[in-house]
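Listed after this line are the structures, all set down as structure tokens.
Note that chain A is present in both complexes that follow, paired respectively with chain B and with chain C.
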Partner chain A sequence: MKLYTYSIIDSSKQITEPIYGLEGACVYNIPYCDIGAVVSEFTESVQSKTEDGVLAHEEVIERLMESFAVLPVRFHTVFDGRDGILSMMRSYYKDFRNNLDRLRNKVEFGIKVIWPSDKIKEHLINTYKKDNEKVSIPDDSSNKRFIKKKFEEYRIDEEFEKKANKFIKVMDMFFSKFAAEKKLKKLKTENLLLDGVYLVERGKQDDFKEAFEHIKGPHTGAGFKFLFSGPWPPYNFVILPKKSDLLEDSEQKDLFDKVIQHQDLVGADKI
Partner chain B sequence: MHNVVTKSKDVTLLEVLDRVLEKGVIISGDMVISVADVDLIYLGLKVLLSSVETMEKLRGSPFISPMQEAR
Partner chain C sequence: MTLNSVVETDFPEEFVEEMEKSNDALPRKIDANPKNVEKGLAKLVLTLIELIRKLLEKQAMRRVEAGSLSDEQIENVGETLMKLENKMEELKGIFGLKDEELNLNLGPLGDLM
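== the complex of A and B ==
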């Protein structure tokens, strides 16, 4: 019997309210020590790998989040029976326990900020040209023109990044006041100024939202776009060791060898 | 049922996918059974939905946030 896994929770007790997951199956808890893995029975039908399947997965975790500390499991994680689940729980127990303690009563918020990079670059170019128009090059050879052009590009890119850092620093200053942890990605593309996730204590959610509104207000008219999402289960803040760190006995090593061999066969080693 | 997820939090499938497919507890157990399928769905959805930035480029118009689109 295959078991589809939704989440690890900080309880070994059964779930009292009915929750339905993929394929409409009822979810239940498989206890291991003082924690549990929430699963449902699964036939691995094609229909599960759809938008509806993804949303059903997420919805189960959100329902669990109302009552437990959760470690959301990646979509379509399937085990071959109860023994497979228990073996996994045994291997990761300590890490799961640490993560559950760290993430208890905390939720994740996502913040994306798009800025008008074209306008900002244009402004920087104009400013640079204005500042340097009086500087002339006596020997205006093609080599020197090339070097000059490259230098200009370098300086503008440098200023662009400085400006990005400045904006992010100001925004992050507001958000960080109410966040326990954060992960920020700067300029994933020229337009995506900030792609950030913040871990926030449940009690500080309103303050965090207020900080977002405070930042958003004055910038919206200036061509900035903001995307705020959450509260989410703490997907981005689960920290697990690499699988090689878990190879403590030969049984597990054999298992991973089989996985790797299977990956080689299907050419799927770049997951 | 799914409206609970999308409406109450005012987010789109893209935000859900960013998390559900790539983040959280990622363990090797799933690969033993369904490595090929997981990989296929993973790639399929990623290619289909792309990213916010790519959507903007493809559309060739000023950015409209997914949040606005969802309304």
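== the complex of A and C ==
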């Protein structure tokens, strides 16, 4: 029997109210010590990698969050029977417990910002050209002209990055006031200035939203575009050590890797 | 208490486009299978060469900025970097690879370039 897994929760008791998951299957808790893994039974023939499947997965976790601290499990994580789940829970109980304590009563918000990169670059090029007299690179051969062109690109890229850091720093200053943790990615593409996730205590959600509106207002007129999403279960803040190399059982390695695969955002300390 | 999650933006299509662009550029795995193993390996090798080429270029620019290169050295460095860039373009053309494909997602460490 395959078990589709939604979340690890901080309770070993059965879920009292009925919750239905993928394909309308009934959701239940498999206890281990004082925590549990919330699952539904799953047949391999069921094709649930659909938009409806994603929404059903999310809905189950949101329902669980009403009553428990949760560690959301990556969409479409399927374990091979009860023994498979219990084996994984036994190995990572301490890590799960620590995460549950850390993430209790906290939710995740996503913030994405597109900036007018073309205009900013154009402005930087014009500024560079005005100041160009300061840089004296001879251009009496094609090799030297190549270096001159590369140097211009290098300086403009540096200034572009400095500008991005400056904008992100200002925005993050407002958001961080109300966030417990954050993970930010700068310039994933030239236009996508910021792709960030913030972990916020439930009691500070409104303050966080207000900070967003405060930032959004004055920047929108300057060509910035914003996307705000949440509150979500804390998908990006489950921190598990990569222990899979220490595991001898290859099947268990696979299971563990499934659980931690969603940790793919890097920290903000580079900015 | 339910979460009542929302996604708020006036520009959904632009955000989808940017996210797709960033995902396309950063595969989590090298796509190597019996049908395209040559291209998969070429992509991995060229990504590493591109990383080294960019590091060399950056180092050279820092030296230009510091004014520590003589006229003759600028000439030599220019020639070397230009040849490297041309050779990379040629190799990318042979294997049908674009600039944005030459990158790797290193998981928690971030992107290679």
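One rule holds in what follows: the second predicted complex is superposed on the first by the 231 of 271 C-alpha atoms of A that agree within 3 Å, B and C clash if a C-alpha of one lies under 4 Å from a C-alpha of the other, contacts with A are read in each partner's own complex, and residues count from 1 in each chain.
What we mean here is this: a residue touches a chain if its C-beta (ideal position, glycine included) is under 8 Å from a C-beta of that chain, and two chains touch if they have at least 3 such contacts.
Bear in mind the structure is a predicted one, so any value in this text is a computation, not a measurement.
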Partner chain in contact with A:Leu227 - chain B first, chain C second, else both or neither: both
Chain B versus chain C as contact partner of A:Tyr28, first or second or both or neither: neither
Touching partner for A:Met88 - first (chain B), second (chain C), both, neither: first
Which partner, chain B or chain C, touches more chain A residues: B
First, second, both or neither for A:Lys112, with chain B first and chain C second: both
Which of chain B and chain C A:Thr77 touches, first, second, both or neither: first
Which superposed partner A:Lys188 touches (first chain B, second chain C, both, neither): both
Partner chain(s) touched by A:Glu62 [first = chain B, second = chain C, both, neither]: both
Which of chain B and chain C A:Tyr128 touches, first, second, both or neither: neither
First (chain B), second (chain C), both or neither touched by A:Tyr235: first
Intersection of the chain A residues that touch chain B with those that touch chain C: 58, 62, 112, 114, 188-189, 191-192, 225-233, 263, 266
Chain C residues touching chain A - in the complex, by the definition given at the top: 1-12, 14-15, 18-19, 21-22, 25, 28, 57-58, 60-61, 64-65, 71, 74-79, 81-82, 105, 107-110
Chain A - residues contacting chain B, complex: 2, 5, 7-8, 44, 49, 51-52, 54-59, 62, 71-80, 84-85, 88, 92, 96, 110, 112, 114, 188-189, 191-192, 225-233, 235-236, 238, 240, 243, 255-256, 258-259, 262-263, 266, 268, 271
For the chain B and chain A complex, residues of the former touching the latter: 1-2, 4-6, 9-11, 13, 15-39, 41-42, 45, 52-53, 56, 63, 65-67
Chain C-facing residues of chain A, complex: 58, 62-63, 65-66, 107, 112, 114, 137-138, 141-147, 150-151, 154-155, 185, 188-189, 191-192, 195, 202, 225-233, 263-264, 266, 270
